[in-house]
Amino acid sequence: MLEHILSSMIFLPIAAGLLLLLFPVAKNGARAVGFVVSVAVLILGLKLYTGFNGAGGMEFVERQTWVQSLGINYILGVDGISLFVLMAGAVLFPLIYLVFSTKPKGYYANLLIVEGAMAGAICAGDLILFYIFWEVMLLPIFFMIGLYGGEGKVAATIKITIYTIAGSLLMLAAILYLGVSYHSQFGGWSFDIAKMGAMKLHGTGALLAFVAFMLAFAIKIPIFPFHTWLPDAYTEAPSAATFVLSAIMAKIGVYAVIRFVIPIFGPEFTRYALLLAYLGVIGMIYCGLAAIAQKDFKRMLAFSSASHMGIIALGIFCMNIQALTGSIYQIVAHATSTGVLFLFAGVLEERSHTRKIEDLGGIASQAPVFALFFAVAMLASVGLPGTSGFIGEFLIILGAIKFNVVVGILAGTSLIIGVCYMLWMFQRVFFEKSKKASFKFKDLSGAEVAAFLPIVVIIIVMGIYPQPFLKKIEPAAKIQISSISQHVQVAETIVLDKGHKLEQK
Amino acid sequence: MEHTATFYLGLIPLMPLVGAFVIGLLHVMTCKTKGFSEEFYGVIACLGPAASCIMALQVFQLLQAMPVDQRILVHKAFTWFSVGELHINMGFLADPLSSLFLLFVTFIGTLIHIYSIGYMGGDKSFGKYFAYMNLFLGSMLILVLGDGPVVMFVGWEGVGLCSYLLISYYNDDRSNVLAGNKAFIVNRIGDLGFVLGMAFLFWSIGTHGFDFIALKANAPMLTPAMGLVVCLLLFVGATGKSAQIPLYVWLPDAMAGPTPVSALIHAATMVTAGVYMVARFSFLYAHIPLSGEVIAWIGILTALVSAIFAMFQDDIKKVLAYSTVSQLGYMFAGVGVAAYSAGIFHVVTHAFFKALLFLCAGSVIYAMHHEQNIWRMGGLRKKLPITYWTMVIGGLALAGCPPFSGFFSKDEILFSALASGHKGIWIIGVLVAGMTAYYTFRMIFVAFHGEPHSKSAYDHAHEPPAVMTAPLVILAAGALFAGLMNLPEVFGGHQLVSHWLAPSVLDHHVHATEGMEWMAMGASVVVVLIGIAIAFFKFARGAEVPYFSGFSKFAYNKFYIDELYDAVFVQPYKLIGSFIWKQFDPNVTDGPRRLTAGIYSIAGSAFKVFQTGFVRVYAIYMVIGLSLLSLLISQTLN
Amino acid sequence: MISNYLTLSIILFSLGILGVISRRNVFTVFMSIELMLNAANLAFISFSRLHISMDGQILALMVIAVAAAEASLALAVVILLHKHKGVLDTNIFSTLKG
């Protein structure tokens, strides 16, 4: 049973979503089906988590031959890094079905399909398989924003779709290039990632392929300056879609860099890591500054999310174990804090019918439980010790300082930047006197409290007792770091011998 | 015996945290309906701090019973996080320094909790207040007991959070919340320095163990340059938390919170965390004299500038706030010249008399129905005798008048500065002592002597209930007698505190003649008496509201530093954010994308010309295509 | 000798193309198309005669059959067009404008 657990986590929601689309089902029925399926995925995920060994390699691997002549196989697997991205999704998805009012059937069908597709992208061990899931992942988002979004939904949908697909097409070209390189070096065809790591790539072809991959992922994460689709897409999307985009899909971009770019493009990655680190940190500061100018709280949270993704991206480029582990831990922490803040923003929007900060006020006195939960998520987002956000941020800053002092100091400013806009928003929305839009703001109902309470507990537990999680992440992260460090050494010896004409291997 | 003893260490911060959780939960569940009674909340709220106080005493006694060079108790609760070379435990360390802090923090904390039951009576969020207060105490205890910089940082941020929550406690009013924001953000700027200092420290010597014991052992491996960087960065954190130049601006605004909050957080405990931190890292600072110089000078200059501000304020709490900043400056001057135990001793005495002064101020505010302007008080000494006399005791201690505790602690610092060659610091210190005496008694004389400003308010004023006055008396006793703890040898004392702290801190022992010591003491006493005398003649027999102009106006407006910060930092920050959002992002970062989209648009329009819609034209295209194709084929076939 | 037939075929084909391009009446356009088809037929048969093979003649028969089928469909479309617009002028039908 456990051998096919990954496939079931991927295809169960996709099948359920497609069936929902095909058959006439009432809205409430669709919501119930969605909830049941996502809980089923959660249970499968928990089984996966408890059965996970944490020795460092890929576990729960499934292999099926698919297109033999081209070496495309159906390969799935998780290691310490993908496990946590997967679990973040599995744990947080059921919330969406609980907290908003009932929406049309297609909304829930799309959510199910995207859940399955994202799981597929995370677990894929074959480049073509990964590409397929990567593209499929985008389709439900296209529909959710385009059909169920806010006022500027059309422009936002087109922007996110075309921008993402442009990057993905370049990535497809790069994947095909990799396939051809593999063929020329080893004779047979294969797109298996485990085998691709053994390839030696050089020349402009390798560089272009690296750029293509990084471009696709940089657009998804997003890394400055490829983030411009984000504010519109996040703001106009329905809150569930924003949550999905922010909490999980962005992380898949980060995960993909670790999974694909580092093993295959080691030398190029090492050479450009500093530039990418600077982009990450500049993006963090840039989006954090833009956040404070926002009048719409959802857009402010969108910039906040982009800002935090900048730090997470930085963690990968620092190429040391602390920063990388911190990044992965922060992936989950960010999902629980900022992702959940988007859910709260959705609740806020539903009950007060406005997204403008200046129309709101005094919600803490009307809805203390809501304010408390929001405050905990907000504090996790700014990285208060004792919440999930601190561990990752601290590890990343620590690792960044080792990598490059200037980058580290700039990364540290995230402590200040995050607090500025969050407190300003919290003050205006929750404190001060109630305004017209926030009179009679209903507090969280019992069901909603029951839904959000586990997340609040997770935030605190992850802050106080992170060691069990870190123990599962560390071995996998170590493997990635060791594969990179051999390139660092090569690069250093080349630098030492710069005087001589050294032929690069 | 050893095992249970170390287990205590984990419980000490845990008790108030559990209390905070319980009270918070009860409050949130019942605040919309009829809640629990105030007595109920009050009792639960005081249980945690009181339990911690008792356990702190036990820890202290345990340490006393141990031989001097082994006075360390360590408790590792669990492995917090461990990645690569970084191993951080949730661990607690009790040594002489932390046990001393434990004692006065828990003791004064408990007293202020008891006082708050009276002061906050009738408040609609009574439970929320005590939840936050307990949370604060728990965080402060984590800070003091942390066995390494990271655990200390947990407490450090925790107290910052509680400070924010309590300053903006009356959150209906925007200015209170803004004050809270300011505190949190300015603290965070300091925290950036702390984190960077920790990071540099870790990568230089922390990879062999990142707790205080290991760091102390590995400290010699630190290069002087890196050591200086670490020391200064950590000190930046201290300036944020302990309100020194340039990050002191949040403390006066923090007076927007309830007065017991000001007493506990912004006088006795949280603000001393910076001094504690420097003392805790004395194994670094003692070897890098330049860092000590920087600290001492920043400290004494802060003391000077804030004393000037205090001389002109008309809000009773603002006078005390600037006074706190000033006294903190003294403490930093003390630890800066490597007289760590002198600085810590002043922390302890200051905690007593400053908390006392704030609570007395609270008592006055309570009696005058939340009037805080001293010029609207007057003549209260007949109506509020207990408050008056305890405030006088506190004032004399603050001014540094012998035989009150403040005299001994302040004098110890000034003497250490003089004896270690810092004459400039000593002179400024003596000057500030005089100014301290002046503004303290200006405040007391204006509020309590002379004629009442408003007859009706005066008539309604009465002494607050015993739950508030009892702590005043206890604290007054502390302010009076705490000096005995560290009586210098010239008076026949044994310098108990300095000897107690010796294993924890690397004091720079000064050797100076007894004559110098008497001279220094004499100078202090003289300026104090002069200060009190000037205040007496100006204010004790009734004074009018002053009119400020020129320098006094400049000082009354605190040198316009808040406005300066706003203009230089806050407004540009907002402007840059707005610029990025409105101009830069759409035009520059999004530029290439817009350009690409534009090019496609133009190309599309260009090609649109061919789609005329006329079938005949399409037929012509077909013919043209056909001809070209046949030409091509005929060429290739050839 | 075959060149005479091919020349005739080319002339007929060109006339057909000219007709398709330059005539406004839909029927005339179709007639020109038929002319082009017949020109192609002529070419096929000439080559069949040249190479002494039946392939060209068989293809010519197929072309005739296809032409007949296509003509019937085209006339059906023309009738619908007439119903739509009332006039059979190729200049009028321009809804496919880009």
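For clarity, chains are labelled A, B and C in written order, and residue numbers in each chain start from 1.
FYI, a residue touches a chain if its C-beta (ideal position, glycine included) is under 8 Å from a C-beta of that chain, and two chains touch if they have at least 3 such contacts.
No experiment lies behind these values; they were computed from the predicted model shown.
> Hey, which chain is the most central one here, using CA centres?
Chain nearest the centroid of all protein C-alpha atoms: A.
> Applying the document's contact definition, name the chain pair with more C-beta pairs in contact, B-C or A-B.
A-B is joined by more C-beta pairs in contact.
> Would you mind pulling out the distance in Å between where the CA atoms of chain A average out and where those of chain C do?
A distance of 62 Å separates the two centres.
> Between chain B and chain C, what is the separation of their C-alpha centroids in Å?
That pair's centroid distance is 95 Å.
> Just the number, please: Cα centre separation of chain A and chain B in whole Å.
Centre-to-centre distance between chain A and chain B: 37 Å.
> In chain B, which residues are in touch with two or more of the other chains?
none
> Which residues of chain C are in contact with two or more other chains?
none
> If you look at chain A, which of its residues touch at least two other chains?
Touching at least two other chains: none.
> Could you list, by residue number, the parts of chain B that touch chain C in their complex?
Counting only chain B, the residues touching chain C are 607-608, 610-616, 619-620, 623.
> Show me the residue ranges of chain A that touch chain B in the complex, using the header's touch definition.
163, 224-225, 227-228, 231, 286, 289-294, 320-322, 325-326, 362, 364-365, 368-369, 372, 379, 384-386, 390-391, 394-395, 397-398, 401-402, 408-409, 412-413, 415-416, 419-420, 423-424, 427, 431-433, 443, 464-467, 470, 474
> Of all residues in chain B, which touch chain A in the complex?
Residues 28, 31-32, 78-84, 86, 90, 150, 153-154, 157-158, 161, 164, 168, 171-174, 177-178, 180-181, 184-185, 188-189, 191-192, 195-196, 198-200, 202-203, 573-574, 576-578, 580-582, 585-586, 589-590, 593.
> Please give the residue numbers of chain C that touch chain B in the complex, ascending.
17, 20-22, 29, 90-91, 93-98
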